[in-house]
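Listed next: structures, encoded as structure tokens.
Paired with subunit B in one complex and with subunit C in the other, subunit A is shared by the two complexes that follow.
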Partner chain A sequence: MASIVKFDHVSKVFGGKIVAVNDVSLSIAEGEFVTLLGPSGCGKTTLLRMLAGFEAPSSGQIELAGEDVTHLPPYKRNVNMVFQDYALFPHLTIQKNVAFGLERLRMDREEIGKKVRATLDLVDLSDKADRKPHELSGGQRQRVALARAIVREPKVLLLDEPLSALDANLREAMQVELKHLHERIGLTFVMVTHDQTEALVMSDRTVVMHNGAIVQVGAPAELYDRPATTYVADFVGTSNLLQGVVQKVNGVAAEVAVGSASLRCTPRGEVAAGQEVIVGFRPEKLRLLGASEKPDKDWNVFEANVGEVLFHGSSVRMRCKLASGEQIVCDMQLGTSAAASGIPEQGSKVRFTMDPASVPLFTEDDRA
Partner chain B sequence: MVSATLKERAGNGVFGTVIACILAYLYLPILILVIFSFNDSSSLTLPLKGFTWQWYETLFNNSDLLQALRNSFYVAISATTLTLLIGVPAAFALDRIRFPGKTVFRRLVLLPLVLPGIITGISMLNLFKLVGFQLSLETVIIGHATALISIVVTQVFARLQRLNRSLEEAAADLGARPWETFFFVTLPNIRSALIGSALLSFTLSFDEIPVTFFLTGRDNTLPMYIWSTLRRGITPEINAVGTLIILGSLVMIVLSVSMLRPQDE
Partner chain C sequence: MNRLSRDGLVRAIVCFTPILWAIAFMFVPYVIILTYSFWTKKFPTFLPDFQFGNYALIFFDPQYVSVLMRTGKIALFVTAAALLLAYPFAYFLVFRVKSAKVRGLLYMAVIAPLWVSYLLRAYTWKTILGNNGVLNSFLVSIGILDEPTDVFLYNQFSMVVTLTYIFIPFMVMPIYTALEKIPKNLIEASKDLGIGPWGTFWKVVWPLSLPGVIAGATFTFCLTFGDFVAPVLVGGPDGVMVANIITSQFGSALNWPLGSALAIVVLIIVLSIIEMSDRVQRAGRIDLA
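Showing the complex of A and B:
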């Protein structure tokens, strides 16, 4: 697929010293749903605003559909944005809000009317056409903002934290609705969010950013299973990150001493005996071993003391302590009923087992 | 229970009396003026003689007074226009542009509002004498505008500060050129502040005496005309003019207050 957006070594420095975006290169394919993910201040919004034309890069180049748009003003770019606060024009009706962008194209009146009606239909707001924005609920306003942006059929639709102002239930529904909309109209979506669930649920590809730079780009599953750094491991989902020292390396596996335990892990890069590393594993990769149960012979086995047990409905989260003092978190899926699943009691001693393939190793270089 | 309600009633009674006194203090003089403008007697003494439109008729046959009224409209409209032409761009500059001495400018632009009119009048008179300007209605307009600019700048600036900047970004994003964004998005959203402060400026300029006193040439504005005729005593005709001005001012003030109120949301 042809790339529709291309950031080429783009940087943005504010006030001569604050580096908001640091040498970002990224290519986005046509029709893709890409999420820029990171905590506030990581540069994701600035990157999006540069694509919209609200900020000019300090250096580097931005291409849109093969055209250099680096210094083009926003009104000359064929991209449209859904703003975090929606930015609906309060003095105009919903219909006029949606028509605004088409009127700027000097389009025929009848044509405008037709397109506005069709788009309002698409977001299921035809009956609200003559209302003013303040008469609508948050979710409805959100859909108006969406309609206003897609009615111009932009090359890329930009979404700046589009769901952050909605309450939890509505947000979940809108995640699905947006995803369906993307599939239906086939536009390229670029969304900014700080919510990792949102990124995982909605996007084809997620770009994890930290301190103005891209840390990792990948499909949701890839980011989750093979985080490139401890930062990604911790930000996308939850990870147990433990300090350890490599004991010996044999082939694809490495044995690492973590406190009093010894864990077999799968390093991605080169590691040598004696090296300090970080062992990372997801809470749900741990399996509880029954008292008489025999573990798989290649799997790791270690003991821990159960601290807090938090009931989540379909699962429980346990905070446990290794003999040497390290804290870990373990998620346990519940079976037919919570009582039948044998949730360990607080203070009890349990044995965990874990597949070495699901334990990545991070070296000092991966700490970002 | 009973004593509590009694106390409450007594309290309400006292409270009501106080309110009535304050209102009487504020509006009794005005009421008397209005009543005497319809009284069928040329002397301002009780008892009232009967109802008449006579004083309004003489008023509309008084060419000096009508000329003064025309002058007042000319001055108030011109001063308001001048004020908007200078004040609105100034408010935008304060809101949008970073320039050295901005804070000082912000404070200084407010100063004419708190200066007594007599000071503004004397100082401008000195200036106009210095540069050799003939005193006329135009010099009055310039004098009025100094104090009124403060009002326009304050009101429009306050509204601009509250204006959500992402609205303008959204407009640009939807293909609006800067001038389209200004006329189709920015202006409609600060419209009420513009109209409100313009109405307020108009009213203040229309009623103004001290600055006008120092800066006018041979032409008189309406308040000045009234003041000059007072030397021959209060006539019922003056009461009639007063009543009309009160009516006009009331309409303007109600309009401006409702315009300056933030829009629904």
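Showing the complex of A and C:
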């Protein structure tokens, strides 16, 4: 697929010393839904604002549909943005807000009217056309912002934390709605968020950023299952990260001593016996072994003491302690039978088992 | 005295002091002036009466009508000049000056003259525009004029200049506040939607700053309308404004009833303008939150 956006070694330095974006190269394919994910201050918003034209890169080049737009002002770029707090024009009706950007596109009045109505239909707001923004709810305002941006048929739609101002229930509904909208209109979406769930649910590809640089780019499942660094492992979902020492390497598996336990893991790169490493695994990859149950012979088995047990409804989260003192977190899905049965009691001793394939190994270099 | 009634007493004092103040020092004087305006003059004093002769004189004697018209004209010119100067300045401060410190300093530079005596500020222009003033000396020294001219001072032009200078802070303050309240992302949104800087100004910034413009124009117009110092200091024979007539009626002309009637007319004009601007603002009220 043709790439529609290309960041080529783009950096942005504010005030001569604050490096907001550090040498980012990224190519986005046409029709893709890409999410820039990271904590606040990681440079994701600056990257988006440079694509919109609100900030000029300190170095590097930005291409949009094959054209160098690095120094083009925002009003000459064919991208549109959905702002975090929507930035609707308070003095104009919804209809005029949506029509705002159309007048320059050499369209006659009738055509503009038709287009505005069609777009308002698309976001299900045709009945609010003559209202002012302050008469609308948060979710409706957000849909107006969306309509205003897509009505100009931009090459790329930019979304700056579009759901962060909504309450939890609405946010979940809007995630799905945005995803459907993306599928329906086939536009390229670039979204900035600090919410990993949003990134995982909505995007085709997620770009994880940290300290102005890209840490990992990949499909949500790839990021989740094969995080490149401990940072990604911890930021995308939850991970247990334990210090260990490699005992033995045989083929694709490595045996690592973690406190009192010995775990078989899948290293991402080269490791040697005696090397200090970090073992990572997701809380839900642990399976509780029944008292008399026999584990699969290839799987890891280890013992732990149950500390706190937190009830989440469909699952429980247990904070456990290995005999050597390491804390781990384990999520257990509650089955089809009554909820409370089978949950280990606080203070009891349990055995966990875990597939070595779901235990990635990080070296010190991956600690970013 | 128990606690409850003491609280009540405190509340009563807090509520009624300003009301009493307003009644004693605003409402009562207005009523006195209003009463006077119906009296008749009988040299050397005035007789209590109820007749509209004073008002009739104001509206049918061309002398008073033309002073009222002139006052309105000068107030309009001052308002327009102040707006043309204050708006770009406030815009520059809010949108172009990056450093908050510089912005604060420049803003203070415009507001600070308010703490300087009015007379002193009016006199400043006398020394600038006068026959031996700064402007004349400058024009003579660079050879544009052969000898100093007196066209700058003692006319309506010098009054507009002086009054604009004196009242411009009242124009800058509300416009600055209105511009500052406009969320910056609205301007970004407009540019994002393909509208250039000029279009963005007319479609976003100007309409959203209108409340400030209206407030500033109202201040400036009403303050100028009632001014009587600038005409005395820098106005010439054709620079007499309505407030000068009022002072002279209470002074040398010794015609308090006519002066009172004029004062009531000015009061009604000013109140109507305030009411009008209030209505316009309320109709266009925009929730920026």
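Observations
By our rule, the second predicted complex is superposed on the first by the 362 of 368 C-alpha atoms of A that agree within 3 Å, B and C clash if a C-alpha of one lies under 4 Å from a C-alpha of the other, contacts with A are read in each partner's own complex, and residues count from 1 in each chain.
We take it that a contact is a pair of C-beta atoms (placed from the backbone, for glycine too) under 8 Å apart; a residue touches a chain by one contact, two chains touch by 3 or more.
Just so you know, these numbers come straight off a predicted model, no measurement behind them.
With the two structures aligned on subunit A, subunit B clashes with subunit C. Using the contact criterion defined above for the overlaid structures, shared-chain residue A:Asp167 touches neither subunit B nor subunit C, since it reaches no partner. In the superposition on chain A, A:Met81 makes contact with both subunit B and subunit C. Look at A:Arg152: by the touch rule set out above, it reaches both subunit B and subunit C. By the document's definition of touching, both partners, subunit B and subunit C, reach A:Pro73.
Residues 52-54, 73-75, 79-81, 83, 85, 87-91, 100-101, 104-105, 134, 148-149, 152 of subunit A touch subunit B in one complex and subunit C in the other. In the complex of the two chains, the subunit A residues touching subunit C come out as 52-54, 73-76, 79-81, 83, 85, 87-91, 100-101, 104-105, 132, 134, 148-149, 152. Every residue of subunit C that touches subunit A in the complex is listed here, in rising order: 183, 185-186, 188-196, 199, 203-204, 207-208, 284, 286-289. Those residues of subunit A that touch subunit B in the complex are listed here as 52-54, 73-75, 79-81, 83-85, 87-91, 100-101, 104-105, 134, 148-149, 152. Residues 164, 166-167, 169-177, 180, 184-185, 188-189, 191, 263-265 of subunit B touch subunit A in their complex.
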